[in-house]
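Right after this note come the structures.
Next, two complexes with chain A in common: one pairs it with chain B, the other with chain C.
Moving on, here comes the complex of A and B:
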């Protein structure tokens, strides 16, 4: 009886001790101890992160995450995130690393540690009927414009240019609404729109406006994880230097973006 | 009980089979679903585009969507189990002779019964931590588990009302008769009242389950990878082709219909079987 009590007390103390050490340990040690890197990626954003028919998450960003896991010598696990919960997951420690098409913004840098240099970049543009003859962003004033829930440019489009944003859950719904004529234009990332205008099914549509908000994307680690941050910074530099980003763009069927080319030149 | 008699008025009543709406029966679902899914696909197939037809695309994704649907069922069954256990206790609390117990049970029941399910789900999602640390031992609290907890709250409140209603619906003579036979309150409840209530509670309980099953898609809004979430992801993986929307969401509709409609039919049968002949 007494022996049992001592044993259980010892176990409790031991467990508490383990708990304390893991809490204060560097995230890199935690990852290695666990043998698994948990990365938050998009699962509904082709080609940066999307599902294959088996339910696995694939795309440019999962490939980048796998590179990081290989470098650390651990397994990789993907956690699907959306724009509204990705920073929360990182803060909570649910994911170790976030590569989720996030635009690098000063206010986001206060919540998570965005790593320099930026790994990617994209701008905002609209897809609309050629016959509509849009010339500039102000032409959207008062018109219904389809968008995606949680995208930061919805606000800019409605406030600066007076468009009425109709926000949808996914791209399929937004494209469908555009085709059905429910909105005059669809505001989205320029890289995706360029791909769409090359599609014969969308031959009547164009990307008529100058791209705005060309903003870099940042991958992020939890605040205060400087060791992991430095490592990631080196990884990104390496990706640019070796042309890995360009290679992945080609692999996943995206035309090489000016940003990726420029970064490749810069670091070569 | 039947009597040997020639008088038609003394013969037992054979109630007429209830007519389903528009005389639809289960097998009618198949052509309806076929129209839902194939119809729009045909319209687009006429364009003659050299990409996979919507139905072929759907066939590719069907196994994954089915897996997601099984997850919905797991959520619904677990939430129902938890909610029923908690709701039964709460319902008994509502008929307790203790005033404070009765009052607090009534309040909890009314509070959760009159709250939107989605709001309760959001509360469970964002108020609970993703893992709890007990003595350094980390117990993960995954999203699907939070969804189960969130959905079991309204189920609990509804079951509580079902229990209270069933107990109150029994003629008070049952209580009085039991009392006259010197049964204690607990004995009366367990041996006389509740066994009679089970029959009365079963049909509304099954209705509630069917409603809960259909409500599990709400979990997609809070990021659980169930069938609606997977459908959205599958659609964007296919590049957001508008002609896929109808077949994909039609398929999800069909899955839920195929699961919930038999439950509804079975409930009708039970209701008929258990209906109190007066």
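Moving on, here comes the complex of A and C:
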């Protein structure tokens, strides 16, 4: 309760602060003056944002960021962020734009300006041996399924689909237990599983089930940047309309996600 | 009974004290299963660690040099490494080297599951201490007693079984008690290799309900009660085995 109060007070203070600073200068002018768009992206989340052999950040999200820079007619610079600092970087002005696999949540909308429509989404799925031939979630009934301790979908997987959850501390242990055959499947974020299925080491494994608990991802600009927000909103709509997201998925070896297909249909 | 459980839901609504393992039937099942798993794992490990202790102590007194060396090597390895590392070692290293068997869901799974590895690893861990504990008891038996038995024509095994061990048992009970209490508490480590014991289930429940404080207090009390039962049983045993004038 007290923590919530402190958080909301902090949010109000931050909003007031940002409101005061942004009233004077539009971020779009700053970017154009600087000649460079600084974007916060993930560097450890293949294939959405990761490092190539030379150490450069590449992936779906860096490509999207490059599109934005091209539209503005400026250079692009990537700043690697992680989940725990990405919103703070945006608030502090270290980055102009954040495209970092962030799930769109109401409390996050209080801290940063998440742009509608959502550009992507991910949900829960399983990684399992192709030879098991899983087809639907009910096929997991009575089977041991690896998971991560503390993940919110463990309960649903065991309660609704009757799987016996075998939860480990980290992903490394879970992957190794799956490989050893201690579990029939590993329940995790579908976006991370997609990356695993592209790994030659996991060639015998697949992501066979329809994704559940789909949650949209939002890219964000600092609060109060309405001009930039409107521009980004147009860009996202355009990405969906032109099929750019689908194209990037194909480029980076991800099977087209139902969300990207649905958005493409919706805006076409 | 349902009324009793529902009372805890009211308690949560009224005071914010959240005990879902009482009012939510799903969480209740998890907690009961966790409790039973802890008890079962403890009993299995208690039994095998004592057996290992008794046999190990006997082998330590063997006249073969290599038997003694092997027993001492076992003690050194298991006493000088952390039990969590042993669990990981057995489950992730040895477990994957063993042959695989066809399981009932059409896949290949390792011969032994997490519960079996936890039971093996913790039994060996506590067993290493038990060997030393039993040795201390055996050494406390007067040499003259053993010599008297030899003079009466007892074989080596008979002396150990009928003379030394019963006397030694009475000497070692307090130390054994300590080690077994520790063993019951060490079963919580099995949580790391996903054995669904009490700590594991409590962790699942607090992840879903964000009631870490309540679960921690409950866990502490639950282990306090569980170990309390073991200690009172051991004390009773100690009193029952007392020989007037000995020890």
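The definition used in the following text is that the second predicted complex is superposed on the first by the 162 of 268 C-alpha atoms of A that agree within 3 Å, B and C clash if a C-alpha of one lies under 4 Å from a C-alpha of the other, contacts with A are read in each partner's own complex, and residues count from 1 in each chain.
Everything below uses one rule, namely that contacts are C-beta pairs under 8 Å (C-beta built on N, C-alpha and C of every residue); 3 or more make two chains touch, one makes a residue touch a chain.
In this text, all values refer to a predicted model and were calculated from it rather than measured experimentally.
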| item | value |
| --- | --- |
| Touched partner set for A:132, first chain B, second chain C, both or neither | second |
| Partner chain(s) touched by A:43 [first = chain B, second = chain C, both, neither] | first |
| Partner chain in contact with A:167 - chain B first, chain C second, else both or neither | second |
| Most chain A residues touched (candidates chain B, chain C) | B |
| First, second, both or neither for A:176, with chain B first and chain C second | both |
| Touched partner set for A:67, first chain B, second chain C, both or neither | neither |
| Partner chain(s) touched by A:82 [first = chain B, second = chain C, both, neither] | first |
| Touching partner for A:92 - first (chain B), second (chain C), both, neither | first |
| Partner chain in contact with A:155 - chain B first, chain C second, else both or neither | second |
| Overlap of chain C and chain B interfaces on chain A (superposed complexes) | 169, 173, 176, 179-180 |
| For the chain A and chain B complex, residues of the former touching the latter | 12, 15-20, 22, 43-46, 50-55, 80, 82, 85, 92, 94, 169-176, 179-180, 200-201 |
| Touching residues on chain A, where the partner in the complex is chain C | 129, 131-132, 142-143, 146, 149-152, 154-155, 159, 165-169, 173, 176-177, 179-182, 184 |
| Partner chain A, residues of chain B touching it in the complex | 47, 49, 60-61, 63-64, 67, 129-130, 133, 135-138, 223, 225, 230, 232-242, 244-245 |
| Touch list for chain C against partner chain A, complex | 26, 92, 95-96, 100, 103, 105-110, 113-114, 192-194, 200, 203-204, 207-208 |
